[in-house]
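Presented below are the structures under discussion, each in the form of structure tokens.
Two complexes are shown next, each including chain A; its partner changes from chain B in the first to chain C in the second.
After this line comes the complex of A and B, so read on.
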């Protein structure tokens, strides 16, 4: 372990000497980057992640001096992988630098991939606002590269985040957009009813009964088979119970659906919010009478 | 003096880590069992400990940045790793517990007893049972049709993929046949580059030498 560390330090010193030298023949930045790369490998073997990350950032600087943006971006990615071991914030910053460089050299696919990674890091850190920003960026990049299924899955995540942030209108619009895109795809059309259920749940959380009923009609236009599904039945029952202000009926409808298909945590959270709102209304009405 | 202060901070970090380990074990047990409302206390304790550990790590960070040795840097990285692992584990357990609680809360039984209502309902006739069964079979058939059509769509996609891969295979074999040539060209370029460097350095040194001789002969 100490041996690896020692080798790493040696290579880093050699690289520093190269950088401080004249470099008459050959490119000193290129040679220094090679030496630093070997140093980074040794630091990784020694599990000294902070030192390895610092070295990879140095490599990125060397490549930028030599106007080699692709290798600089790759070095930032390596630095981010090291940072992930001990500091997710620094990892996100390093990946952001990589994404910017990949965009500059028109490697949009790579930029999209790493934007997605940044979004997932922020999700892990439970920073939903930033997660939405980077996942949005990833979705746009995937879309511009014609990778519709990847773009769809990003948009789905963004919509879920918006719903968690109580931006229900935006979330509903995104879910409906996904459904419209998916209905024409042979493989994606089977997931449409789930997406429409998500959109309907977001509408429920807004508590506008008229909007919910209008949405149900609109969803049948998007997918003509939707009215025969359990998802439609659930939404219709929930809309009716919301209209009547009947918490018991609401719970029964959810229970019936859950007995067949277990609700995931996201749906559970939103349905619970809707249920609590309904309870509050019921209590307010009781107070008035 | 400095060493003792570093040792004190590190000892504090290790104490907090041990404390957090114990708290996490208790919290993990609580998550796996039915929650009884005591989780809020443990959660706030863990959050407090994590904040303290974060502060201690920041203190260690200032030590290292003000000219600490390699060993100190390595130690700090290890402590930061531990903090991150504990934080992630806590977030995971907490979200799992929240999901469980919310699910229970959402599917809560109504306050009034349903049993008394069931008594008043007449028992189903044989016809109704058969009708219900027929409806269930109809629904199952519909579901199976859905699954079959989905499988057919998948099959179509896979067949398209197979033809694509067939095309790729031939392209790759073409490329692999050209690879030795490319490799040869690259090594030639590398040789040429090193030769250029050598020649350039020789020319430069000869010129310098000649200038030096000219300067001496003057």
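After this line comes the complex of A and C, so read on.
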């Protein structure tokens, strides 16, 4: 282990000498980058991630000096992989530098992939605002590259984040947009009922009964088969129980649906919010009487 | 008139051997025969309880089937998404191959113009023209109004209406069994529609896989052609450097 570390330090010193010297023959930045790359490999073997990350950032700088943006971006990605071992925040910053470079050289697919990675890092860190920003960027890039399925899956994640941030209107719009896009595709149309259920749950959290009922009619227009599904029945029952202010009926409807199709954590969280709101209303009415 | 042996046994209060279901007539006379009322050691109450228990068991099993079908449907939906993504990837790969071909054409021109004044002019060998991907989205050609139009025509699958269960608590055993039957009917209706959808999904999956298989043939041909031309360009480069 110490041996690897020593080799890494040696190569880094050689690279520094190369950079501080005169580059008469060949490109000193290119040669320094090669030496630093070997140093980085040794630091990785020694599991000295912070040193390895710093070396890869140096490599990126060398490539930028030589106007080689593609290799610089790749070096930032390597640095990010090292940062991931101890500092997700730094990893996100390194990936952001890579994304900007990939966009400059029109490698939009790579930019999209790494934007998605940044979004997922922020999700891991529970920084939902930033996660939404980067996932949005990824969705736009995937869309511009004609990768509609990837763009859709990003949009789905963004909508879920908006719902967690209690931006229910925005979340509903995004879910409905996904449903509209998917309904005309033989492969994606089967997921529409799930997407519409998500949209309906977001509407439910807003607590506007009229809006919920209007939405159910609108979903019927999007997917004519929707009214025959258990998802529709759940939404209709929840809307009715919200209208009546009946917490028991609300719970029964959720329980009945869950007994057939297990509700995922996201839906559970939102339905719990809706239920608590309903409870509050019920208690307020009790206080008034 | 002699009374059959099993009747004698029953009148003594011992149930016939190996008989698990008290409703089973397999060992008794045919239903057409008039049988004298026989006393059993099982009261009507016990039989009713047994009927209700069995009905509930059946309901539970049918619900398990629905649950399993729903789980399969969820997985199938995910598979469809993956297939869609895979189709897009094939399209993109083919598009990239076509882009590489354009760059290679430029490289071939440059390699052709290199070489000394007296060097033999070089023309790259080509087997066939690289066409690139066939226009996409031919797999998503369902019209949005298709289901609606089928409905208007009167051939759409009957929409599954959920009966509004007026929750009257059943009193008699017969009512309880009937309530269980209603639940079973609902569950079977659910199961039926889910299985119908699974069949549709299987057909769509098959169609898409078939489409992707067909799309892979020209992609493979184009990649082979690229490989052939790239080797030719490398050979030319080596020859130039060897001079």
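Note that in this section the second predicted complex is superposed on the first by the 289 of 289 C-alpha atoms of A that agree within 3 Å, B and C clash if a C-alpha of one lies under 4 Å from a C-alpha of the other, contacts with A are read in each partner's own complex, and residues count from 1 in each chain.
Here, contacts are C-beta pairs under 8 Å (C-beta built on N, C-alpha and C of every residue); 3 or more make two chains touch, one makes a residue touch a chain.
The shown structure was predicted, so the numbers you read here are calculated from the model rather than taken from an experiment.
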(request) Judging by the criteria at the top, classify the pair chain B and chain C on chain A as clash or fit. (result) clash
(request) May I ask you to decide whether A:227 touches chain B, chain C, both, or neither, giving the answer as first, second, both or neither? (result) second
(request) For A:258, select first, second, both or neither according to whether it touches chain B, chain C, the two together, or no partner. (result) first
(message) With both complexes overlaid on chain A, does A:170 touch chain B (first), chain C (second), both or neither?
(response) neither
(request) Examine A:271 and indicate which partner it touches, taking first as chain B and second as chain C; both and neither are also allowed. (result) first
(request) Look at A:190 in the shared chain and tell me whether it touches chain B only, chain C only, both, or neither; answer first, second, both or neither. (result) both
(message) Going by the contact rule set out at the top, does A:150 touch chain B (first), chain C (second), both, or neither?
(response) second
(message) For A:248 in the superposed arrangement: first (chain B), second (chain C), both or neither?
(response) first
(request) Going by the overlay, flag which of 23-31, 77-85 or 131-139 in chain B ends up clashing with chain C. (result) 131-139
(request) Identify the overlap between the chain B-contacting and the chain C-contacting residues of chain A. (result) 186-187, 190, 228
(request) Using the touch definition up top, name the residues of chain B that touch chain A in the complex. (result) 70, 73-74, 76-77, 80-81, 83-84, 88, 91, 95, 98-99, 102-103, 105-110, 142, 146, 150, 153-154, 156-157, 197, 200-201
(request) Report the residues of chain C in contact with chain A in the complex, numbered from low to high. (result) 63, 66-67, 70-71, 73-74, 76-77, 80-81, 83-85, 87-88, 91-92, 139-144, 147-148, 151, 156, 159-162, 190, 193, 197, 201, 204, 207-208
(request) Using the touch definition up top, name the residues of chain A that touch chain B in the complex. (result) 5, 9, 25-26, 46, 48-51, 85-88, 124, 126, 186-187, 190, 228, 247-248, 251, 254-255, 258, 263, 265, 268-269, 271-272, 275
(message) Which stretch or stretches of chain A touch chain C in the complex?
(response) 109, 145-150, 153, 183-191, 194, 224-225, 227-230, 233, 259-261
